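Look at the two complexes coming up: chain A is in both, with chain B in one and chain C in the other.
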Partner chain A sequence: MKDTFTKSMSWLHTWASLLLGWLLFFIFLTGTLGYFQKEITQWMKPELPISVNKFTQQELVQIAMNHLKKEAPSSKKWLIKLPNSRENILSVTWSHVRKDKATAMGGHGGGRGKRTTHIINPHTKEIVKPRRTGGGGLLYRMHYRLHYVNARTVGRYIVGIASMLMLIGLITGIIIHLRKILKDFFTFRQDRNLHSWLDGHIFTSVLALPFHLMITYSGLAFFVFTYMPLTALANYDGDMRNYIQEAFPREKAIKIQGIKEPLASIEQMRKNAEAYFGSPIKSISIINQGDSSAIVNFTRENSTLFSSEKADKVYFSGIDGKMIENQSPNRPKATRARDILTGLHRGDFANIYARWLYFLSGVLGTFMIATGLVIWTKKREAKQKDTLGFKLVDNLNMVTIAGLPIAVAVYFWANRLIPIDVPKRAMQEADAMFIAWLAVSVFVFSVNSRKMWVVLFYLSATLYALLPISNFFLTGRHLAITIAQGDWTLVWMDLMLFFTGLAFWYTGHKVQKKISS
Partner chain B sequence: MSITLGNKWLMSIRVLTAVIIGYGLTVLYTVAISKTLMILGLTKVNATVSMQLLSFLIYSIVVMWVFSVASLRKLWLHITYSMIISLVLIYLINMGLQ
Partner chain C sequence: MSIFISGIILLGLFFLSLILSYPYKRLFGVKPSGKYTVYLHLLGWGMLVVGMILSIKTYGVGIGITYWFGYITLMAFLLVIGLSYKTKKEKKC
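Let's turn to the complex of A and B:
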């Protein structure tokens, strides 16, 4: 019985994983890049001023406040984002709140007035207008809502189905290997057959298994209300609004009094907030600005894992500058459990080391999927090599595993090569990425040979390795400048791109030797 | 082996059972368990959200179970039983809670 159970689990593992394996590869790759989305965005906006971090927070807040007073004196909602260890940007945002709508302490609500954001160069105090790009954020968003499809109706469900299959793939994988998991983990058979692929698959799976389980499960937890609405509907007699209100209690809105009063000293509040957090400030929002009901809200740079926890925010009365109690309602414990899961998934709390660990775990997950997909073909190539299904899987593997990195590289190149002032520029960058991917597919399916692995890997290598070099000609933000100025985000980005190029060259070289032998 | 790979029809039935009936079962179980938790003193919102969060694990187990039962007849019998049991449980708790 046990044997047949393992066999049926093995069947499920194979087919559940294969079905959307290529999509899962896409989700894992773009999601992994998402851990450095801000760094990628910064790289994709070379017009941003360099070394903003030489200013103190006091100076930056002063510059931002002066800008807001000049540009938006009548706006009721101001937001200042300060540069931090990940983002070298000083920006201000304001919006005009509709009169009948009040805004909550945290800055929510208030109707959706027109929002304007200015990035300020603190050296010149002028507005910076970087090129329009989706940046790293676009890659990050693709991993949970795809592209070209409606995120709410289509993207979310497709990604949900893929995540469910991933979860089943993980659990069945554990069951298959349960008894021999430790033994397999320490086994590395270097012979050039199925076994070395299996070992690679098991190694990448087991090494980051807690991460794989956490990331898959917490990914599902984000949209638990979309995926499992019937449970709520049954318990709340079909009243979804009542359920949402209980599960996510909203902050109370603060009415605008209509009495004009000037703001107390922001600098004093900033100092108090900094002392309260024991760490620098990340953002400041001023709600009901210019009114006697004004409230100033600070968030800290190093957020905790419990990101919605009150420890990450502090409030001051805008009139007398005194700290006031956070009146936002407590979320129910189960909602908090979900918050912790989603917090773990996003990794906002992670410092630079934890962030790299997240990134490397994501890379391992991507490798796990890639090796799994290759194993499917390796197991069947002796018997089914000429069947249509085999060819399809084999080619799709090439298109996805070797082709998607090319598409991402093309996205970066498009960022450099599309003229600055064309309309819908950010969209065109994404279009370039998917056109490149489509071109790779057409190429792979028409050539129909395993030699394409090598071609694609070498193409990837070239595209990535040349990106840092292109900066010498296209942006002026090249390594000589960024190292001299100490802009380590850009230095690391260029180095990582070059290293990625080298890694693809090495992979191509290895595969070439394997195919020709 | 429990699954006859050769028979595509039986396999399709099993896949559909796992995906659709499995989802239905998962919903029934989460409702039944969350209602039980409410009797045990958990608030409605906590019982609902925590069972929603656990639903993905339950769904996975249900799917794996659907693929591990050897005969389809036995599988359907079990499904019918557990549906009836959860429905009766939900009904009884609803009566009790009113």
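Let's turn to the complex of A and C:
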């Protein structure tokens, strides 16, 4: 330990953050992309029909209902997912329930029979089969359970330890910097080596400090049962299932009565639900259709974070179409508190403006980690340049900060280039990403020179900038079409990829100037 | 409304930044005299508080406060970028 409190904190800040800094960079980058996971997935499935948003909800529900009546007349569990501001997809799902069992309203089948999902093209009313891909969801899932780590808890533990270290880094950082927080708030001195790196580190940390604290703390709240299981085990007879059952009560199951009754008008219910929410509908689930026990429930598009889950769902009797009592179970208060933390982490409530704010904050966090890692080497450059430890950190910085974006770009390219009918296609896309990252590592460690920064940044720039252009040749979903059809999700994705390319080119250019001078 | 709230927060942060010597020097070329520090504090913090009240009135308590932090992040980001841009331009002159 060091002689003064601040110095001890500074020591802790340096080493706690360095230890898993590279992993934290990975978590922050993939997690930040996760805020646009649905948009990324849509971009990665160019077979999906375009301009679905030109249809009204009424028309779409009609198309979906006709499809369900034709394809699954005997199923007792129908689900319709409507296109919304983030996803331009109309899909229907059904599952078959054993006759003697009751139909559970929520959940995902859970062994109650096979589930089938069809994505429908509303223009032609035909089924669409997009290419198999992990999409943005895979990137998002990587940020909390990593990849190639099969046992779920192992991935969660590793990420949990990294988050704890992040929290230590944040708190020690605040303590070191406490007196100067406001003074340096608006300071960003350029072109002065260590100074500008420090300013960059401080400004990305302080500006989004509420976000950094919230995201790290709430991130730990997700898997609190994995990290601290003993409290629950001690109070629930050593069986975690009892605890989960009480903490997360399931929706009721509805028993089939066996009396045939036609379903009331869905359109009328939809109108009432829309009026009730004051916002469009996201999904409709129809339980026990054709039976006297039929129930229909609607979910709203923008969920509300700080009111109970009940406010996001409304139920109707499937026979007379009248609104009935809310069937959602009451979640215990402790669960609600966790819901708020996790909802805040995922940005469940966020409209498009807030989503961009989340994204920006995430980018700032990623920069904070990157600048912090670089500062470690900058401070030791003069004295320890030739030591093994220094070289290891320096090279790992290159591999992570400049290499990971390349790996992500390769993931997108793999999505375009791997043939559509290859088995385990989604897995291969992810494999391509990690093979690329491994190749970058081998390259960096064998060349062992700072010039690799420039090479890697320019490579990133090329890969990203060419992606939107590749759409002209590979998918036919290029900017000329997407702009003309008004499919803004795809337009924005292409533009963002292109600007990311430009940003990497600019960074490479700057670094090149600095190295050569 | 969100643009209005953003504007108020940006102005508030701008007034607060004038208290500090670094941004002030960038903008006016001299060190701040310290004469108006109290007023700048009042104006700056006052506008941030007004921004928070408006945000809460528009979005409700929970989401309002969340958005308020988000607005500050975005606006401070723009301000810092703006101030450092000014620096570069001056250097070239």
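Methods note: the second predicted complex is superposed on the first by the 485 of 517 C-alpha atoms of A that agree within 3 Å, B and C clash if a C-alpha of one lies under 4 Å from a C-alpha of the other, contacts with A are read in each partner's own complex, and residues count from 1 in each chain.
Definition applied: a contact is a pair of C-beta atoms (placed from the backbone, for glycine too) under 8 Å apart; a residue touches a chain by one contact, two chains touch by 3 or more.
Everything numeric here is computed off the predicted structure, so don't read it as measured data.
Superposition of the two structures on chain A shows chain C fitting alongside chain B with no clash.
Once the two complexes are laid over each other on the shared chain, residue contacts for A:Leu344 go to chain C alone; chain B is not touched. Once the two complexes are overlaid on the shared chain, A:Phe211 sits against chain C while remaining clear of chain B. Of the two partner chains placed by superposition, only chain C is touched by A:Ser361; chain B is not. Of the two partner chains placed by superposition, only chain C is touched by A:Phe203; chain B is not.
In the superposition on chain A, A:Glu47 contacts neither chain B nor chain C. In the superposition on chain A, A:Tyr236 makes contact with chain B only, while chain C stays out of contact range. Between chain B and chain C, it is B that contacts the larger number of residues in chain A. Annotation: apex chain A, arms to chain B and chain C, angle 80° (C-alpha centres, rounded to a multiple of 10). By the touch criterion stated above, A:Tyr353 is placed in contact with chain C alone, chain B being left untouched.
Between chain B and chain C the least C-alpha distance in the superposed model amounts to 18 Å. With the contact threshold set out at the top, not one residue of chain A is in contact with chain B in one structure and with chain C in the other.
Residues 2, 13, 16-17, 20, 22-23, 60-63, 66-67, 69-71, 73-74, 76-77, 79-81, 83-84, 87-88 of chain C touch chain A in their complex. For chain A in complex with chain B, the residues that touch the partner chain are 4-5, 7-9, 11-12, 164, 167-168, 171-172, 175, 217, 220-221, 224-225, 227-228, 230-232, 234-236, 243, 246-247, 332-335, 337-338, 341. By the touch criterion given at the top, residues 182-183, 185-190, 203, 207-208, 210-211, 305-306, 340, 344, 349, 353-354, 357-358, 360-361, 364 of chain A touch chain C in their complex.
If you check the complex, the residues on chain B that touch chain A are 1-3, 5, 27, 30-31, 34-35, 43-53, 55-57, 59-60, 63-64, 67-68, 70, 90.
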